[in-house]
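Here's a structure for you.
A, B, C and D are the chain letters, set down in written order, and residue numbers restart from 1 in every chain.
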Amino acid sequence: MKNTFGTSVAVTLFGESHGPEIGAVIDGLAPGLPVDESFIAGQLTLRRPAGRIGTARQETDAFRIVSGVFEGRTTGSALTILIPNADTRSGDYQRGPARPGHADYAAFAKYHGFEDYRGGGHFSGRITAALVAAAAVVIPALQAKGILAGTHVARCAGINDAPFSEDLAADLRKLNSRSFAVLDESKEAQMREAIESAAARGDSVGGILETAVLGLPAGVGEPWFDTVESVLSHALFSVPAVKGVEFGDGFALADMTGSQANDPFRMRGGKPCTVTNHNGGVNGGITNGMPLLFRCAVKPTPSIALEQQTINPLTGEETGLKITGRHDPAIVHRARVVVDSVTVLTLCDLLAPRYGTDWLANSKL
Amino acid sequence: MKNTFGTSVAVTLFGESHGPEIGAVIDGLAPGLPVDESFIAGQLTLRRPAGRIGTARQETDAFRIVSGVFEGRTTGSALTILIPNADTRSGDYQRGPARPGHADYAAFAKYHGFEDYRGGGHFSGRITAALVAAAAVVIPALQAKGILAGTHVARCAGINDAPFSEDLAADLRKLNSRSFAVLDESKEAQMREAIESAAARGDSVGGILETAVLGLPAGVGEPWFDTVESVLSHALFSVPAVKGVEFGDGFALADMTGSQANDPFRMRGGKPCTVTNHNGGVNGGITNGMPLLFRCAVKPTPSIALEQQTINPLTGEETGLKITGRHDPAIVHRARVVVDSVTVLTLCDLLAPRYGTDWLANSKL
Amino acid sequence: MKNTFGTSVAVTLFGESHGPEIGAVIDGLAPGLPVDESFIAGQLTLRRPAGRIGTARQETDAFRIVSGVFEGRTTGSALTILIPNADTRSGDYQRGPARPGHADYAAFAKYHGFEDYRGGGHFSGRITAALVAAAAVVIPALQAKGILAGTHVARCAGINDAPFSEDLAADLRKLNSRSFAVLDESKEAQMREAIESAAARGDSVGGILETAVLGLPAGVGEPWFDTVESVLSHALFSVPAVKGVEFGDGFALADMTGSQANDPFRMRGGKPCTVTNHNGGVNGGITNGMPLLFRCAVKPTPSIALEQQTINPLTGEETGLKITGRHDPAIVHRARVVVDSVTVLTLCDLLAPRYGTDWLANSKL
Amino acid sequence: MKNTFGTSVAVTLFGESHGPEIGAVIDGLAPGLPVDESFIAGQLTLRRPAGRIGTARQETDAFRIVSGVFEGRTTGSALTILIPNADTRSGDYQRGPARPGHADYAAFAKYHGFEDYRGGGHFSGRITAALVAAAAVVIPALQAKGILAGTHVARCAGINDAPFSEDLAADLRKLNSRSFAVLDESKEAQMREAIESAAARGDSVGGILETAVLGLPAGVGEPWFDTVESVLSHALFSVPAVKGVEFGDGFALADMTGSQANDPFRMRGGKPCTVTNHNGGVNGGITNGMPLLFRCAVKPTPSIALEQQTINPLTGEETGLKITGRHDPAIVHRARVVVDSVTVLTLCDLLAPRYGTDWLANSKL
């Protein structure tokens, strides 16, 4: 249903890039969860552009929680977070030609020209700040239950990060403490350089995000149609610029044989485990208790300084376009916290029906 | 919501591999659509295994429509299709060790051992027959509106089919007339041979399905969270064995620059079009009027004759397993019509809210 | 969403009065619930017309469960019940003038004439047989948890039954064992006589059903918009002929003062209770642990033998109409089990999110 | 789903009586609707308490629209209205004994004591201000399509207003222009006097609201389970203090015969009409083109100054309670605009699927 995602734990997003405020309503949270505003602020910082590889637009992201929290804890009713748009320079964004690779023309076709076109309006990546804030409310509670998610920039501008190690928990903790999420720190400089170099050419680059989630119990998800993969991909594909999602070995599985792709089961510490994890922790759409693994393809930022061919949707006129203003030459490194955020919100929605409304606050999985 | 997909046009699936009947309820159809039972039968034939590369299980798929059709047309109320399970040899499937790569263990964890384990039960690919029958009700109506979908086996066991040509409409008509959906007919024999060779080794192979949809209007989908990509991937990932979904150039976009990935707009015949289609007909989650293009990774069939290591979920015992009985050494060529089916059902659900309940019957897009 | 009710435990209804089969899919049930087919048959008998005060149409209601049950217990996947329409005399129902008080004209306006008009088609009370069968799957499990529902014909043709006594549990057990659900047995004969007398005049009568539910925990329901009253009334108003729903003292509360209407709290056995129950067990839309009490107004059967004025929707012609064929001169006494059924299904849907998927099978409230 | 109502046009409510802001997100609106802020302000004024018969709490209800409106028109994306809580005297509301007739104890049982108890928190009637503002966005657009809703205080403290006249349209226009919505102006003084008299005794009174909607096309609603009556009652029962809902003659139909209750059809101006309207414009759950008529029972305000018996939910202690602070001795006259609001929002949600997203902006019914 449009701007709402989730059934048991549901997030509604609203706002436009250049409107007064953006925000999120999170409904269905257990009552009694401690709300850590400094953690929320920290997550927002991870999403914010920084330094030479980010847009010059600087938001302080001074959020306000206006409902659903009382005396520092969730009440169990709808929690609303508002984030003012402090630094909006609408003059930079007049209705003009449709920017290639952006939603401009598709939005025009959908909304008949009534859309707020400034800075992408409701389609702007800016809206993900509200999503990140919403997720930050539940991340500590999930971690307290042993559910830990993390994402790294597995590839950017053709440069690969190191793969996940044997010690996934350590990898995830490391990633969650870094502003540029790579496992091999030496890759940060290379990736930054490649991004800056693209920016210098007036161009942009993309990449691949790889996510792992530890601590999920076996048995989560539905066979038809709400498989874990279905519900997660639904959320992930709504993150701007994500154009591909794969679980486990994903597209590489297409070239494997069954004897290579099947993950044999063994008992470890009295618990069924798989020896390999080509299926990314999901069999038949249901978690099998192994780490959940998936990858998202993030396309290069469509806002580039180079001249492009396009049309004006209002007039139907063909025209050239040179985009000026503030833009990211890459968003893959910023999208990382957005992917984490939609992941944890989706997991809350998948787990709540199985364990009941209060599970996140009270019960032990 | 569990076994139901869709809000405006919703499909509910039920049944188990070895139960008496499987079926689907399709709700929200426009009244007055002609129902072509021979077309439904034809689509079911495309899904059925055949020859040496399919399981020996042969179903006649003699479906019955028990509600929602009157005097050959949809009534507008819930349409129910039932398909009896004629050829069930439950003796082949006793509760035993969890088959690696299958849902057996995950289902056990979810349903605490109460699941119907025979032949995968409710997780069985058999259930997709009901999905195919459901979609076959609407395909002719969509085609009458100029919306044409088709899928080819773009890759199987490492063998590539030819890519889509300039004349996509001709390609799709060709694919829809073939039982083994390749664009380059010479590839069918090679792929069949590779499948048979895997079968001879007691193994199985996977592949990639590539789908195109023509005739979609611009402006379909929602920015958050029901993007066209989100909703389609949700449906596609519930097709058994799909482990990756990508739109347009998908994962390849991660290595492109913005100037390569952006699709420039031009006017053609008074209508905005893109010169290239790297984004697969979707910008910002909304259709832009270009052909919708996506690819699904299909993993190799997990049922293989080779001995595998596994456990017995009931006892927690480690054991070896040699799967006997009837199995497909590949399902990618059969999954093709399933992917088509979930695609058209999803498109109906995406289009209906925009154009109203009756659009499929009465209006012109 | 159309023919589906419920989110956590969802029921989808399909079928037409004169189609081959009607049925229901119940999704979201806990795995492991014993399914008692003789109890289902018994509930269907309560709904069936009998004797001189029912329609002459006699259905054996020989249901089949075709999915979701394995070795006598629910599997946790979608459970489908089919009921063939054995005794359909379609000759009795040709497309003709719109029957006043029936859905005929409204359905024509909605479905543009494509609806199956025979016997009311999908609008027929016949469809409630599937609803009753669906509810009969869960009633024993609810009772095992101490949740007991029952309904009596509080009023029929102007004749009042006795009110509920102090011993509600005994009242409900009594009602559930009776084919004509009155608390004061002497009223059955009076009501039957009044119904027969109406039938003899070619007319019909209505009545009021009063329901009580014992054993609901406090804290069920949502403030906005899924209050217990909201969700129950949603279900109840979809029972054919229900035109009013009130909780507790309902419309009588409009004439009371706050000091009369408020139910004072006291502790009883260490548990908060109210001294009176004018609010019917619901405060602010949430259960308070007291018995849930509500009443439904059931209008007189619209099928009457007396001549009526009407139009032919196809031609727009004014005409007279004398309905022949088999009809109930009252349905209030039959609707009683339908009201019970939608009540228990709705309660399952309200309770499941709070206690988790498996609560009905495993946990103690 | 909890704090969200509607599927096509959905409203999400958030906020607490004494939190910083309350608000609503309206999703699914057609793009291009003019937004009339002075009309919104006017509707909020109708809801606000005034004079001696209202609570002394005075809110200016200075709302802000922070998303979904651009250049004075709806954009088609989520529209968010925020209303600050200006006049909160939290000192008046300490956690204390459960107020009888209020949600206090039920909320405590549901949220385990984490709820914001101040002034009823999220259960407060205060939240309806956001609902009224949300509805005020669409009312002018509905009226432009000829759909006109209005509600009068049909009964208050035992005093009846005049019934609707033959000229319903004039009645509704009259009601919508009045701050105290009665058809017979002489009744306002009597009702006010009865309310003041109850207040003087430390008590409160209830009443009945009667609503009519003109201009609805025939064919709106679904047979199972989303009948017009089902969906409206769902919304209406979430209005605080509503304890009964009846359509057409409602409970009075229970005592009528079929020949009295059936509404004969005739043609008027080439259009099917009913001669009477005992069924309130709904047959079989679907609109028949006649005026939609329904009535809501509103219980007396539970906040009374008289001493009451109750318990403290935290301690389980029995205690007496005298409620001090600002309270309404009646809310029926204020609830009138809330009932209008949920009615029009529900109608938007019922009409949109039939006519498509843009119907409210562009098309003619």
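Heads up, the rule we're going with is that a contact is a pair of C-beta atoms (placed from the backbone, for glycine too) under 8 Å apart; a residue touches a chain by one contact, two chains touch by 3 or more.
Note that the coordinates shown come from a computational prediction; the quantities given were computed from them, not determined experimentally.
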| item | value |
| --- | --- |
| Far-end chain from chain A, centres as C-alpha averages | C |
| Between A-D and C-D, the pair joined by more C-beta contacts | C-D |
| Between chain D and chain C, distance of the C-alpha-averaged centres to the nearest whole Å | 27 |
| Whole-Å gap separating chain B and chain D, where each centre is the average of the chain's CA atoms | 45 |
| Centre distance in Å when chain A and chain D are each reduced to the mean of their C-alpha atoms | 38 |
| Residues of chain C engaged with two or more neighbouring chains | 1-4, 7, 13, 77, 110-111, 122, 223, 358 |
| Residues of chain C defined as touching chain A within the complex | 7-8, 77, 223, 352-359 |
| Chain B - residues contacting chain C, complex | 1-4, 7, 10, 12-16, 19-23, 25, 27-28, 31-32, 64, 66-68, 70, 73-80, 82, 110-112, 114-116, 121-122, 358 |
| Interfacial residue positions of chain C with respect to chain D in the complex | 1-5, 7, 13, 98, 100-107, 109-111, 120, 122-123, 127, 155, 157-158, 198, 203-208, 217-227, 229-231, 233-238, 240, 242-267, 270, 272, 274-275, 279-280, 282-289, 297-304, 306, 308-311, 313, 316, 318, 332 |
